[in-house]
Amino acid sequence: MNPVLLIAIPLLFAFLSIMNKKFARPLLLVALLLDVYLVFTISKGLYSIGGFSQYGINLLVDQYSLIGLMVVNVVFFLTVVTNCKEVKRLSTVLLVALAGVNGLLLTNDLFNLFVFLEIVGISAYLITSGNKRPLATFNYLVQGTVGSGLYLLGLILLYSMTGTLNMALILPTIVDKAIPLSNLALPFMLMFIGLGVEAKLLPFNSWVKGVLQNANALTSVLIAGVFATTIALTFGRLLSTVFVLGSISNIVLVILAVTMLAGEVAAFASKRIREVLLFSAIAQSGLIILLFANGLVIPAIMLIIANIVSKYILFTITGKMVDGTKTDEIESLQGVFSKNKLVGFAFTVASLSVIGLPLFFGFIVKLNILTSLFSQYQLFLSALILVVSLIEGTYFVKLLIKLWYSVGEVKTFKVDALVKVVTLIFALGLIVFGVYTKPLTDSLMTVPEEMMEAIAERGNF
Amino acid sequence: MKKVLSLLVVLALGFGIINSLNQNSSFPKFGEADVSDRVSDRYINKNVTEENEEVIFGEDGYETGSSNFVTSIVANYRSFDTLGEVTVLFISAFGVALLFSKDSKRVSLNFKPNFMLRVGSRALFGLIIMTGIYISVHGHLTPGGGFPGGTMIASSILLLYLSNDSFRTKIKGFKLLEGFMGSLYVLIGVAGIYVTGYFLENFLDTGVVGDLFSAGIIPIVYVIIGLKVGSEIASIIDNFLTEEVS
Amino acid sequence: MFSIELVVLSTLLAGVLAYIVSIKLPKLGSYLTILASLAVFSVLAYFGFNNNLDAEVNLIPQFVLFKTSMFGLYFAIIVSFIFFMVSFFNPYFIKDYKYPAAYNLFYLMALAGTIGVFFASNFITLFIFFEIVVWTSMFLIPLGKKRKPTVTYFVFSTVGSFAMLYAVMFTFSITGSFDLAAISVLSGKSALLVYILLAVAGFAKLGAYPFYVWLPKVLGKSPDPVSAVFSGGIEKLGAFIAFMAILRISPASIYLEAVGMYLQNYVIAIFGAITIVVGTLQAIRQDDAKKLLAYSSASNGGYILVAIAMSSSISLTGAMYHILAHALASTAAFLAIAVVHYRTKTTKISELGGMIHHMPLTYMVYLMAIISMAGIPPMGGFISKWLIFQAVINKQMIIVAVATFFGSIGSFLYVFRPLAALFLGQKLPKYKGVKEAPFLMMIPLIILTLGSFYIGVIPNQVIDFSNKVIAEFGFGPLLMNEFGIQGANGTLSAPIIASVFGLGVVVIAIIFFILPKSRKVGLMDTYTSGEFIYTEELLHYSADFYAPFERLYPAKPLISKVYAMIKEKVNELGRFFKYWFFTNKPEVTVLWIVLILTLLVWGDIL
Amino acid sequence: MIQYASIILIMLGLYGLLTNRNVIKIIISLNVFEIGLNLFIISVGYVDGGLAPILTGNSTSVLSFVDPLPHALVLTSIVIGVGTTALGLAFAKKIYAKYGTYEIDEMGVE
Amino acid sequence: MSVILMSMLIGLGVALFGFTLQTTIGGINRKVVGRMQKRYGPKWYQEFLDIFKALSKRAISHGWIYDFGVIMAVGGITATAMFMPITDSLVAFAGYDNFFIFVYLLAVGMLGMAMSASGSGNPLASIGVMRALTQMLAYEVPFMVVVITIIKVSGTSSLTGIMEFQQANGWFALSLPIGFGVAFLSLLGMLGKKPFETYIAPSEIASGPMVEYGGKQLGLLFVMHEIATFIEVSLFVHLFLGGASNIIEFLAKYFIVYTVANLISNLNGRFKIDQVVVFFYKWPLALAVLQAIWVLWR
């Protein structure tokens, strides 16, 4: 199947959906189902749009984007299914968002990437507009626009130097034309910052708090889970196949390291559960990008998968919990899980996986990350990661203990059976993958090679 | 103080960027861009898929038949971008509607349109909308195209809004038009897959360069874009004329 | 043949089974824990002693590898025995837990984890099981009343395990191998780094200075069986790691002629000494019996560290012996206190009194336990302390010697406090109907006491075993003859001491009973200098027992202030980041972007 | 050199974003920023003496065209800018409805 | 086996000898002190009379631990005394007269007495025990530091071995004068002589841990006290004064040490218990450590 359908179908349905509002939600579900089906049937390769080979726009399906597509589409689908009530009038937006997300993962063209970035960005603004904090969303919009503007600036500089927009051609062209790295520092930094805004990297992410701290389950899972994963994967592709960090790598590493540290420390200092989770999400995205920036693709993808699954569980349950109890102060949520054991179990498993304790998938990921970092002899970074994950573990354990054990009266909340089932399955998945990882690691093995293949062939068909 | 500091920082950055661009040997100086070195060279010579030395006005058989190279890029070589772009506009328009739909009421204009406005706008309406459609249709031949054309269409509708307050309540078809046109665009793209194997492939005959009926799907796409942009911008305007009830 | 993998997996499975059973029948599930831990202990002991354990791995993922060693076996038998003993208490405490099913699950999982650690063949396996122990045992803590210690425990354990992870990974990056033997290959600075990190791991788990803070919090506040398991079992993981770090890595550094050891070992010994002193001082002033025992655990951990750091045949035997003796004695003491807690619902020394009249057996168990802990013959603790003293004197470590003697004498003080005020003293009327421990609880109490006594009188078998263990580290065996152990500057004959002691007691007892019989009077019938006191509480001296001595040093250890400060600093940093980066103002982001870009474009010039 | 004017425009936009605390002004600054950006994009494609990239009957192959690709890109960029501006204004209106002011400083802490 | 039985009998003899010796010398000392204070003083056998009187009286008991503690105390002390060499050849368990055995077996006796005292239910007894234990913490550590210096220098921890070493190389009292002084202070503490007699504190807490005793328990505890004093003083003699090669030498040294301690005691006031701790941890400990470092790390 042609992967462009992954983008075309949601778009088509989006256009159709505004003609009659009644069909919007069913259309969304159908589109999601179709996409999930398609993801598992498309085959690898380079797909041209309009038949202009490497001079036009291409979609690239390799192991990397395939894994990304599977994860993102499935989680997107489940998010919508488990939050059917919240979807309401957002169906069209979600359809467009789905198209944008798939586009970001598939595209092999820098400018096309910008367009999809904007699509995803605008849908994100609209999705977050539901939390009744227009100022926060406005803030997000301004920052997002500046960010994508900077990305565009960097892109056009790059174009003027290389004369191409094809991601697979940039690197070969740089080599061919022998463009010195110092000349490339500015465009790459601009693009890095532009994407960094969306990827929640530290100095550029003041939007996150406002947007996520009041978000419901749907919004938070989409923004912190699906979109973040997509952006991270996009970022990862750029960092691994397009960017030549060269002289700016120090600045980039500092930014990423500070992001990680600041996220965890801020989460440590937070008293509200959603804030804790959102800061933790910031730190995680910092870590993911950090891995990509160091060329550690496989651990990064593993982390992305672990992250989206656990973030799905955490944010969904938190959203439902906050909905049900009308509060997100950890102090007043004490002991909520004693009445909702299944949900509590899923939440606990997800947190333990995020902390990186054995028997859970997060542990395998952490081990992988550290092994790779040490094989590069990155002593300082790995020490930082350990320190950071100590802080992370501390507040997560604190959170868990508070949520399981009460001192006073216990608030209750109701969770649909569907949410229970889905989160439970995800939690079990974390355990299963934590014990038996071979299929996943095997399928990841070929990712870096395949990523480089397109470049080696210069985007030819 | 804050302003001075900001100014200083911004100035530093601006001069820094200019300086670094100036020293950047790979970045072509203004007006010295070497087009032959860029991918655009292929677009100008229309030899992306076919061997082709040079495009000659009035001949046929090129991969795209548009004499306006920008249009050939917008609506053919990089048509996928344009689809995305239309989607951005679409989702913005939808978003504006979404933001205003709840608890909102329509506001009536706080002035009564006078005679000049009523008559003048009707007279101008026809002219402007004609121009808009013309520009959309001739997008592959002359400067302009679907986007400017669509905007003109929308501005003509704005005139109607101004001149006749009840007009807005009568017109309901924008959503339908918008959705329909968008779907059509996607469907044309999907049709490409089934006709030739590529999404958004120009599967019609490209015709003679310079003819009105040439360039395959380009004019069709541009007309679709024109109508879609027109209806979207019109609906944005429409929505801004409502007010939230608090 | 019995494979280790099978032991670990079946323990895990038993845990899951116990969990499922306990959802409906918590008590039955807790009986399952007894059975399961008995099975683990007996399998390990039987097959281990017969050298019949199989290290092959078939079912678990490939990177987990086991091996059998006397070293691991020694620890595994001790710890599984402790788990087995403590499990007898589970049925009585299970109903107080908030999540009884989870308790049974985590109890057995922690057991499986410890077994895995002791038989690990490579560092990855070691680390995995180490972390499993950390988090499963972590969830045991809050099941009681207090939940805060959980976080403390997590932080300190994780500091340790991350230090270990870093060391492991670092070793891997140099040698390319995760094998346990790989650390011996290291040299120079990298060896020193790994040494320090592994030592930190051991320190953190063992609760040595400066990481001992978690011990009193966790052991003092968690459910009683959990405290016992921690003190006797899980804490010993730290000793295990410390053994490996100190004995397997030999970073060349300054050799201290005066004490005949390398600088880093001396530093470890000094830390051990500090642990002994601080633990003793704090234990003396505790009012909560469990906290008191917790500090004593810390201080005994210090002895183990000192002994390991000296690394000679005598000292290592001392360390091995002390691990066993302390495990038995400390578990017995904790369990005795658990009985008191179970019957009276309090562990505060100042609230209790005269328990000996209600539970004489428990009293005797506690007495024997503290005799062992204070290192008095004829119990196991005496032999280990004697060995350690021999080594300390032999190495002429004067400063360490001061600490060890101080700890040894100080232990009389703190173990006597619960004895005097909790068990002895006036029989308080509010505990009138309190009964002796239930039958099932008596079993482990008696077994532990007998065990402690046995190893105190006949040390030869244990020393035989520990000789095999230290032989694995390349040290010669400790010499023994029929009656005695050959130390560095003297011989010790435990059986003779025990029999002389017995003779003395018998002789005096005969004299005592020949003399005129005494009349029994009540406890209130005492000499009160002419005062008339009618209430038992007023005639009971239990609060602020060592008040004059306690005045001499601060109540809160300094280091806990440091930790509080670190926590506050992290919090402050978090607030700082929240204020400067997450302020919901677009211009903040823009400003940062501008600044970073400016830095970039002017970077060459600046 | 003239293309650096657009850089200055971008910087003006950033300056506006840094100093303004009014929602509408922020949107306008954003527009200034985008316009500068768009001008810069176009300037990248300019060739001295180049023709507009439209083939007409009387053009000959001797003359070179300016780079048409930036034109196409800038078209997209402009449209996207329109979309975000519209959305931003809509949010501004929402903000006004909620707080009764456009000044961020007057809105208080949430 | 018969060797051990023989040793045990000898040991019992040593214990009995120690008891008799100390009780006699204690009685003589009472007379000496009486003369110093311009009194006539009791007969030299007065202490025997006291003990036998107490033993023969009908007593009260506060429960089984009250009795059991006494048995354990006296039994433990007797067992300790059985290991004590009188001269370098007269020792019950040759080769096993390890210094640490005395330290720890002595503790058994102490523990038994403390237990019994606390078991009586009298808070004054508990206070006395508390003070005794605190004082023990104070004097033991400097003493032990001095002793490890001795052990390390002489290369053995066996008391007879140390004696032999001194007979060959001179007394430790002379070669380690600082340690000798420190150990003498510790000896005062061990014996409960002023200024370190706080735990008995006859005036405020009515003779300390013993407050509640009478009859045979008191008598046995007197016995225990005498034997404990015998052990402590003999330890001092063996460790610092070169031990003894014959029994006369031992008696002479023993008498001198005990009398000097007793005389010093009568010249002093009394420390508070926390002052005792501070006192011992200031100069004696520092000096002992310095001396050890000087001697051993040189």
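Chains here go by letter, A, B, C, D and E, matching the order in which they are written, and residues are numbered from 1 within each.
Keep in mind that, in the parts below, a residue touches a chain if its C-beta (ideal position, glycine included) is under 8 Å from a C-beta of that chain, and two chains touch if they have at least 3 such contacts.
Fair warning: this is a prediction, and the values are worked out from it, not measured in the lab.
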Separation of subunit E from subunit D in steps, with touching chains one step apart: 2
Distance-maximising chain from subunit B - centres being C-alpha averages: E
Top-ranked pair of chains - ranking by C-beta pairs in contact: C-E
Inter-centroid spacing, subunit D versus subunit B (mean Cα positions, whole Å): 15
Approximate Å spacing (C-alpha centroids) for the pair subunit C, subunit E: 35
Between subunit E and subunit A, distance of the C-alpha-averaged centres to the nearest whole Å: 77
Rounded Å distance, subunit C centre to subunit D centre (Cα mean): 68
Where subunit B touches two or more other chains at once, by residue number: 6, 9-10, 13, 17, 20-21, 28, 33, 38-40, 43, 78, 81, 84-85, 88, 91-92, 95, 99
Sites on subunit C at which at least two other chains make contact: 584-586, 590-591, 594-595, 597, 600-601
Junction residues of subunit A, two or more chains touched: 111, 115, 118, 122, 125-126, 129, 135-136, 142, 146, 157, 159-160, 165, 186, 210
Those chain pairs that satisfy the touch definition: A-B, A-C, A-D, B-C, B-D, C-D, C-E
Subunit A residues touching subunit C - in the complex, by the definition given at the top: 135-136, 139, 142-143, 146, 150, 182, 185-186, 189-190, 193, 197, 202-210, 247-248, 251, 255, 262, 265-270, 279, 338, 352, 357-359, 363, 367, 370-371, 373-375, 377, 379, 382-383, 386-387, 389-391, 393-394, 397-398, 401-402, 404-405, 435-438
Subunit D to subunit B touching residues, read off their complex: 1-4, 7-8, 10-12, 14-15, 18-19, 43-48, 50, 52-57, 59, 61, 64-69, 71-73, 75-76, 78-80, 82-84, 86-87, 89-91, 93-94, 97-98
Subunit C - residues contacting subunit B, complex: 591, 594-595, 597-598, 600-602
Contact set on subunit C toward subunit D in their complex: 584-587, 590-591, 594
Of subunit E, residues touching subunit C in the complex: 4, 8, 11-12, 15, 55-65, 67, 70-72, 74-80, 82-83, 93, 95-96, 98-101, 104-105, 107-108, 110-111, 114-115, 118-124, 126-127, 129-131, 133-134, 136-137, 140-141, 144-145, 148, 151-152, 155-158, 161, 206, 211-212, 215-217, 219-220, 272-274, 277-278, 285, 289, 292-293, 296-297
